[in-house]
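In the two complexes that follow, subunit A is the common piece, with subunit B as its partner first and subunit C second.
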Partner chain A sequence: MKLTTMAWRNLWRRKRRTAITAFSIAFGVLLAVTFTGSGDYVYTNMINTGAQMGLGHISVEPNGYNQTPGLDKRIHQTTALRQQLIMMPGVSDAIVRIMGQAMFASARKSVGGAFIAVDPAQESSVNNLFIRSIIAGSRFTDSNGQGIVIGSRMAQKLGVTIGKKLVYTTTDVNGEIVSEIARVSAIFQTGVTEVDGAMALLPLDRVRGTLRYQADDATLVAITIKDHRATDAMTAGIAAQVALPEREVLSWRQTQPDLAGLIAMDRSSNYVTQTLIGLLIAAGILNTLLMSVLERTREFGVMMAIGMSPHTLFRLVITESLWLAIIGLVFGIVITAPWYHYLNTIGIDFSGAMGDDYSAGGVLIDPVMKVYLYRESVIAILAGVFGLTLVAGIYPAWRAGRIPPVASLKTL
Partner chain B sequence: MDTHTHIVRLERVSKIYHQGKIAVHAVDNLDLEIDVGDFCTLCGPSGSGKTTVLNMIGGLDVPTSGHIYLEDRKLATLNRSQLSRLRRDRIGFVFQAYNLIPVMTAYENAEFVLRLQGQPETQCRERVMAILKEVGLEGLEHRRPDEMSGGQQQRVAIARAIVTNPAVVLADEPTANVDSVTAGALLDLMQKLNEENNITFLFSTHDQRVMDRARRLIRLRDGKIEYDDVRSLPG
Partner chain C sequence: MRFLTHSWITLAIVLCASSATYAGTDARTRDLLRQIDDLWRGDSSHGIMRMEVKTAHYARQMTMEAWSKGTEQTLVRILSPVKEKGTATLKSGTNIYSYLPKTDRTIRLTSGMMGGSWMGSHFTNDDLVRESRREDEYDAAISFEGRRGEQDVIEFTLVPKSDAAVVWGKVVLTIRSTDHIPLSEIYYDEDMALARSFSFSAVKNMANGPRPTVMQVTPADHSEEYTRVIYEQLELNVPINDELFSLTRLKQR
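Right after this comes the complex of A and B.
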């Protein structure tokens, strides 16, 4: 009889105990999928949303702009740069933008804020969160026109509606104060209070003129990529191709350190939680296997007496834990699949508990908790649960191999 | 001393157990030789040391002093793995409580040691079927221990003990848990295996029926040989 067959049969000598242990492994799979899946989904969502709020996953900027932003810093020949970037594998879009600070004033009031000057031809609801979040009016289409898209809270503060005029004041490339009139063409509402109260979109060419930029100048080219997990590798790759002494290539982790910190902290606490759950489950598995070994002391003694080596006995118990892991994983997949499908397609709506501000780290988050697992996460969960079960089997297996035959064979 | 005819040899073997502060001499300076083809019984009252002697010959226990040789191999020089291999290849065990592996059928129990030796399944089959037929279990190959009587289980245990052609079979009270008819049949079987295959049997027993069949009867008392009687049995 093969060791695997023997181990399989041994496992089913105590059907209830094996079933309970397999269920605890399965429950571990379910928890791991829920935690990891929600992490994968939320982090991806936050990173992609953050990228659509101006800076992209990767940005090409003037040297020092990230540390001390100012409209006096700019990069040139952005059209050619954009074309070069778009052709690169893994890049889904490259958008030329000018980002800066401005004072916005209506006839009644003025508020400080920030603007992103955009080329309407390059922007869409896919790569620009503000355009996707328009709740009134329509975005401007003339890059040299007077249109402005503002946040709902800013509109409220300034007391303006669609079609109304306002004036924005900023500093030009030489540090001189410059002003321009704009007319509200659309109002957006992202759900992030500070963004809705202080952010505006302006036409790129118009702003270039106001700031006395050359026709092809901008403060950055924001790059969105197909898979944010490739950010670091792509940042290095892009830097190798397009970096010049006067410009640098930065990843979202560098341009949005608050978001990166928040994700890193949340991910760490997620791992700690999962590790603790894993240890609890491993303790249960250890208990089951150890009990199973201790109650078979005599049987193991017989096996060793008739010639089974301690090493083979060790392998037998490890094989039992291997089977337990497989049963638990299969059971886990069976109970987790419908749960995952529900969370992936429908999710759990927490909007009632979040109030009006759906933001974290300055980035919009989805109030509906959903899950999505990356392939490497699936592999990590399966390998983790499998490995944990095997590790939990090591001590009982070692104990089995150390049982002195004579102690267990009292009647011989 | 000519060791070639001795399959087992004990030289001044002692075994001392400690029960609290009291030292118990289970075996006391014992010299013993078992010859190839012996059908030998260790008897004596409880606590006389016969179980301990069997344990030590089987490499399951180690003497406090003295030396044990099995086929001229000094057991004290072997490590755990070497002892396992020695038991697997050269010793057969028959236990009082059968001690079959409950998740295995009669066939698989008998086959088990051959598989431990690494013999391929197809090669084992012929040998195992022949042994099971020899011990009278033809047709019961697929039964598990809990589906067999005590006598049938002990037959499986004997089949498991002899399937590898061991040098010696160590049998502890092999008839203790079976009725007298079954005991007689089991003894017939072991005697037949001894005579036809020249397998050495060493019993530990209280059973007079076993003692009556033995060609050599060694009586132990307080860890020492009280008498050692080599007999010529009729038939």
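Right after this comes the complex of A and C.
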């Protein structure tokens, strides 16, 4: 009789025990998919949303800007740079922006905040979170006009509505304080309190004039890429092509360290949780297999007495755990598939539990928990569960091979 | 035009050197507004004043000494209360520096901090620097002339030009007809609703001429609140060394 067939049959000698063990493996798969999947989904969302809040996944910016931002720092020939970047494989968009601090004042009040000067032709609701979040009015279309798009809380603080004027004050390229008038063309609401209260979009060419920039100057070119997992490779690739001594290429991990830290922390706590669950499941499998070996001491003794080598016995028990792993995984896939489908398409709505501020690390997050698994995560989960089951089988299998034939026949 | 600048420090210590040109404003209005400018004109100044601030949350009083030279250089140092003594603000060109003796730190205010309140008053840091950039921002016209209440007044209405970086809808300035002493300056928002008002009172002879010595600002949305500046001493055209307006001198108490 073949070893695989024998192991399969051995497993079903105790149907209920095998089924329960297989279920615990399947449950492990389910938990791993839920945890890893929600992580993959949330991190992807946060990274992509963060990229749409100004800096992109990768940014080409003046040297030192990241450490000490200021409107005196700028890069030149941005139009040509943008053209070059857009042509690169894997780049979905490259956008020229000026980012800085400003004070916004109305007749009622003034608030400190930040602005992003944007070229209306380059920005859309796809690559700009603020444009996507507009709740009133419509965004400006003239890059040299007097339009401004402000957050809902800022509008409320300043007491302005669509069409009203406000004055923004900032420092120009020489560090001189400059003021300019603008009229509210639209109001956005992202749900992130500090963003809604302090962020504004201004027309790029107008701001260039105010800041005394040359026509092609800007703070940075923000690059969004098709798959954020390629960030590091693409940052290096872009740096190799466009690097100049006066500018640097940085990834979102460097420009948004809060977000990167948050994700890294969340991810490691996720790993710890999953490892603990994995260990618990492995202990269960180990227990099952060890029991099944110990209760068959006499049987193994007989087998060895009629000429089966300890090595073959070891392989037999390992094959049993292999079968158990396969049954568990198949079972796991069967119960996880509909669950995954549900979470992937509908998700669980946590908006009631989260209150009004859907943000983490200054980045908007979706109050509906959804999951999405990367292919490498699927492989990692399957390999992890499979490997864990096999590892759990090693000790019982070793025990089986060590059974002394004569002594074991005397027992029981 | 000094008066419309609402830069109270410069207003208070009277360092008017520039006179705005009102394009599109008739000759008489221009002359009158310039006369008011002249009332406050001086190449340099040195004064001591008291500031009283009352808000819904607190009331405070402080005295301060101020020096100015031209429109670009101003230094204000707090004399009392003791807790704040030595705190200084230096305006040099369009930059404002703030010095806190407690921490021995000088900071340059960034554009984002311009909206913050100056020493807890109803003036913002921006109010301190704006005035030197006020030229050519308004069209002025006389909107009323005659008896109002007890006295003859002239009322000017100043409307900001459409592209001027001015938040107001209009500014109404009232002066006494007899000696052209300013009485009030009222700011309206774009919907012509009252935004804030300045009133001037207690005309006394100070620095060789009659001047209002008390200025009070009241924000329209909190009418029980105010900031009042009372001039106790004022000298005009006194020799002041440029060195006074330096960062090193800012730290000296």
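Observations on the model:
Here is the rule we use: the second predicted complex is superposed on the first by the 410 of 412 C-alpha atoms of A that agree within 3 Å, B and C clash if a C-alpha of one lies under 4 Å from a C-alpha of the other, contacts with A are read in each partner's own complex, and residues count from 1 in each chain.
Heads up, the rule we're going with is that a contact is a pair of C-beta atoms (placed from the backbone, for glycine too) under 8 Å apart; a residue touches a chain by one contact, two chains touch by 3 or more.
No experiment lies behind these values; they were computed from the predicted model shown.
Look at subunit A after the overlay: subunit B and subunit C fit there side by side. By the touch criterion defined above, A:262 lies against neither subunit B nor subunit C after alignment on the C-alpha atoms of chain A. In the superposed model, A:13 lies in contact with subunit B only, and not with subunit C.
The superposition-derived angle at subunit A (between subunit B and subunit C) is 160°, Cα centres, a multiple of 10. Shared-chain residue A:170: touches subunit C; no touch with subunit B. When the two complexes are overlaid on their common chain A, residue A:311 makes contact with subunit B while staying clear of subunit C.
Of the two partner chains placed by superposition, A:335 touches none, neither subunit B nor subunit C.
After overlaying the two complexes on the shared chain, residue contacts for A:380 are found with neither subunit B nor subunit C. Note on the superposed arrangement: subunit B and subunit C approach each other to a least C-alpha distance of 81 Å. Common to the subunit B-facing and subunit C-facing surfaces of subunit A is no residue whatsoever. Those residues of subunit A that touch subunit B in the complex are listed here as 1-2, 6, 9-10, 13, 298-299, 302-312, 404-406, 409, 411-412. Of all residues in subunit A, only 100-114, 146, 164-167, 169-171, 175-177, 179-181 touch subunit C in the complex they form.
Residues 93-95, 110-116, 124, 126, 129-130, 133, 163-169, 187-190, 195, 221 of subunit C touch subunit A in their complex.
Contacts from subunit B toward subunit A in the complex involve residues 51, 54-55, 58, 60-61, 80-81, 84-85, 87-89, 91-93, 95-97, 99, 101-104, 108, 111-113, 115-117, 160-161, 170, 172-173.
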